[in-house]
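Structure in structure tokens, see below.
Labels run A, B and C following the written order; every chain starts at residue 1.
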Amino acid sequence: MGGKVEFLSDFLTKFGAQLQSPTLGFLIGGMVIAALGSKLEIPDAIYKFIVFMLLIKVGLSGGIAIRNSNIVEMLLPALFAVVTGMLIVFIGRYTLAKLPGIRTVDALATAGLFGAVSGSTLAAGITVLEAQEIYYEPWAGALYPFMDIPALVTAIVVASIYTSKKRATEDKDLSKQENLSKQPVAAGEYASKPEYPTTRQEYRSQQRITASGYPRKQAKRVKIWPIVKESLEGSALSALLLGLALGLLTQPESVYEDFYNLLFRGLLSILMLVMGMEAWSRIGELRKVAQWYALYALVAPLLHGFIAFGLGMIAHYATGFSPGGVALLAVIAASSSDISGPPTLRAGIPSANPSAYIGASTAVGTPVAIAVGIPLFIGLAEVLIGN
Amino acid sequence: MGGKVEFLSDFLTKFGAQLQSPTLGFLIGGMVIAALGSKLEIPDAIYKFIVFMLLIKVGLSGGIAIRNSNIVEMLLPALFAVVTGMLIVFIGRYTLAKLPGIRTVDALATAGLFGAVSGSTLAAGITVLEAQEIYYEPWAGALYPFMDIPALVTAIVVASIYTSKKRATEDKDLSKQENLSKQPVAAGEYASKPEYPTTRQEYRSQQRITASGYPRKQAKRVKIWPIVKESLEGSALSALLLGLALGLLTQPESVYEDFYNLLFRGLLSILMLVMGMEAWSRIGELRKVAQWYALYALVAPLLHGFIAFGLGMIAHYATGFSPGGVALLAVIAASSSDISGPPTLRAGIPSANPSAYIGASTAVGTPVAIAVGIPLFIGLAEVLIGN
Amino acid sequence: MGGKVEFLSDFLTKFGAQLQSPTLGFLIGGMVIAALGSKLEIPDAIYKFIVFMLLIKVGLSGGIAIRNSNIVEMLLPALFAVVTGMLIVFIGRYTLAKLPGIRTVDALATAGLFGAVSGSTLAAGITVLEAQEIYYEPWAGALYPFMDIPALVTAIVVASIYTSKKRATEDKDLSKQENLSKQPVAAGEYASKPEYPTTRQEYRSQQRITASGYPRKQAKRVKIWPIVKESLEGSALSALLLGLALGLLTQPESVYEDFYNLLFRGLLSILMLVMGMEAWSRIGELRKVAQWYALYALVAPLLHGFIAFGLGMIAHYATGFSPGGVALLAVIAASSSDISGPPTLRAGIPSANPSAYIGASTAVGTPVAIAVGIPLFIGLAEVLIGN
């Protein structure tokens, strides 16, 4: 009993430390200076470069982790990690996105963030396993990129498909209405919740979609594959997947350590500042729907953890995956990314509101995953599988 | 006597080393390549980002220093540091700025730089105190941000108020003249010493002032508070104060050390290059007034030092502030910043001529503060207070 | 015999490692994502800044190396290094550039790259000398900037003169033809192989040339000196020579180590990514001429090495330059730069096709220099001079 109190206070301390972390400090700092009317701005070219640097780093670190792991031995758990990562996005698509007043792109970005993995939650889980002397496969920690990257890619692709479909539908509706009357027409949901282009690049890519194959007034059905291809070719996923490939196929350790990893935390602090400023300007959009995000962020970590735990159990019976490994897979699924997620989603789904996804993850999701998820799944693994 | 010769030669060596420092090397390099007609240019986006990085770093380091110091114990000396920093700017406003041919914004930027603090002069002062085994409070070194940041903020705000007032007056004069004749009118001082906007951002902010509340042709009186608010909301002071707040309220030590502080010297070298190129193109403006800057830079360090010394004496009798501490406070006041000052003033008072303020500080002010100020104020503290 | 097999396998290992190096990985990565249609782009401002950073670093490191070497003792070999570097460019101008279908600017950039020096080839040569316990002057390694920088400067200046002359000739031809007929005229080689401006800056500098002194329709003879001056004032050579001067005359070691050198490999990896993307888009231009580049890259390293070897022999008989030193000078001449060259040439001869010069150097030149050049020149020095 005393051990459990110690345990909780330990987590509360860790949670407190997280709130004082520079990353969160810069996010809140950005919101405060935006609220105070500051004219501080990070030039667009710098912003794009920072996102590029962060995405290459996320990809490289995933690629290096996979290259250094024994892929044959970890095949089934890795496959299950991929499945969980993609599934989490679709769960968000058909639960959070269906709640009243929730913008679909915001829901998809949030689900992507909850599918992505938090390195610090993972580290906390490993610390607890080691403190309790529970065995886990040494490669279990390297499962994270198998969930992280598929979740982010799926979220961006599904958001892109959704946006294209909606635009096609609206155009059809619009052209119908235009036939009925020549009066100005409010475009319904589109007008009140514009999925506006926030970067020049996105604007151009929207133009391109419109121009090549999805003409505004004739579209009836949206072809999926060109949009998937378009998403993968976009600057966000290009950088992420390029980093992944370079990490897998070359030996970029020196340039990774001395440059990309070295600058990562600092560049992230600047991105957080920018996202804080943007989050402030768009926080009003969440006034009527904040409770739904809170509900999702409370339930999702545990739901995702249980799914991964179930898949881990299958791997346990099929290939002898250890109880500690099963628990870690569940913790990875329960965590939501405050590091790899924001830059990727900001660049990949630029119309999504960062207040929604960062708020849900930072304020509720991560504390739940650490304070409830870690002890829950470790205890469950011990009870159900024994050690 | 031999000690004093040693002492002087020691300072001359230090001064020589400063002249060979990369910071000054890049400044002179920038002037030389500008003189040779080089087309080298640093893109505007990069320039703005470098200034942002430098200002966040200056703010962070000040905030961290204040957080780590015992604010209760140092309350009176810290208050006196703030007073001295602000006073130095007003002294410059009513002495240097009144000399014939001196542009007021140049004078204010110079006074701001002389109010700001040089870390290396402070370090030299501490070295001498320790060599002579004179006691000083361990927190005395942490007094510097209390003078540095108020001086820079005051200089920028006063320059902004001055510029707005002058524009309002000129507009009034202009509209009078327009009533008398329709001929083209030379705008007097305005035309010969244009306070032109040097960055797009400043241009926009001038537009904004003109458009909202200070219409060019009707302004009779300039309201102070909106201009102070405008200055504080500007990108320069926003970044500086954001860094200060983050340093005070969060624990940014890791990202500070591994990113902002790591890159500081290098980014400063690039800024110095840019300022050297600009200084060269504007050095001609100083032809007729250089002697006034030299006079100011010769007298100001000692005058500022004496003011701080007097306030330090009050703190000595009121709270037992040590002789060594009083001497250090005077050295801090005597020093002029070659590090925190240039980026802040370049961004905060973009119309000021860097040749004026950097030249005055580097060529005359810093040598005087080190070679005359340090021995003078330490000797004075020993004679007047004893140890 | 066994020693030689070991020797070869050692080099093959080193060559294999080079192929897996992050630098080459990013180059190939850039080509692959360009081939897959990625929309990834590095903003122009960032690209220019990266080039600036790389060139300052190349210049600084050369300047520091020269400052730390005994210039009197190494005078003759250093002079021969300069001569060799410049000669290599002119050899390329009158051999490679004369082959059918080869664009002159591509040939000049390639020759510049083969005149510039590879630090890793040099290091490999030193390693072999030390393994075989052959004496060489400790300053022999510091000969590299004396060949590297003159070769790059010469290539850029000669390319600039060539471009201006060609434009003048074409204008003359054009105005003749315009007199004969009013029909649209294809500008021959110019139209099919446009030396188009790829950066805004270059565009402006072309405009400037046209506007000031070389009016399109009257030019008969191109004045050389203004073009040389123009090249030296351009952003590429300005940055390179500024870095060289700062390295020579100030003490930038700290800012060099902690900033410019620290970030060099990482920034180079990004430049390689950009060059890979560009190389892919222009690789088609080489379809009919690739064999000439392969031939040049096969012969040039050995030819250049022999020239330097001959000059080194003169220094041997004149001043006692050691056999090891002569061999190193030849290895320096045989090497082609994969580090200092690409950024300099990309910025200095922007119309040249990176596929040509990087391909020739990386795919053929460097392997030949390492696998054939090093053992050849070391063996030759032992046989001809003895030790």
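By our rule, a residue touches a chain if its C-beta (ideal position, glycine included) is under 8 Å from a C-beta of that chain, and two chains touch if they have at least 3 such contacts.
Keep in mind that what you see is a predicted model, and the values were worked out from it rather than measured.
Novice: Could you tell me which shape the graph of touching chains takes: line, ring, star, complete or other?
Specialist: Complete.
Novice: Note the rotational component of the Cα superposition from chain B to chain C, reported as an angle of 0 to 180 degrees in steps of 5.
Specialist: The superposition gives an angle of 120 degrees.
Novice: Using Cα averages as centroids, what's the distance between chain A and chain B in whole Å?
Specialist: 44
Novice: Two-or-more-chain contact residues of chain B, please, as numbers and ranges.
Specialist: 43-46, 262-263
Novice: What residues on chain B touch chain C, complex-wise?
Specialist: Residue positions touching the partner: 20-22, 24-26, 29, 32-33, 36-46, 262-263, 265-267, 269, 273.
Novice: Can you list the residues on chain B that touch chain A in the complex?
Specialist: Per the stated touch rule, the residues are 43-46, 48-49, 52, 201, 205, 229, 233-235, 238-239, 242, 245-246, 249-252, 254-256, 258-260, 262-263.
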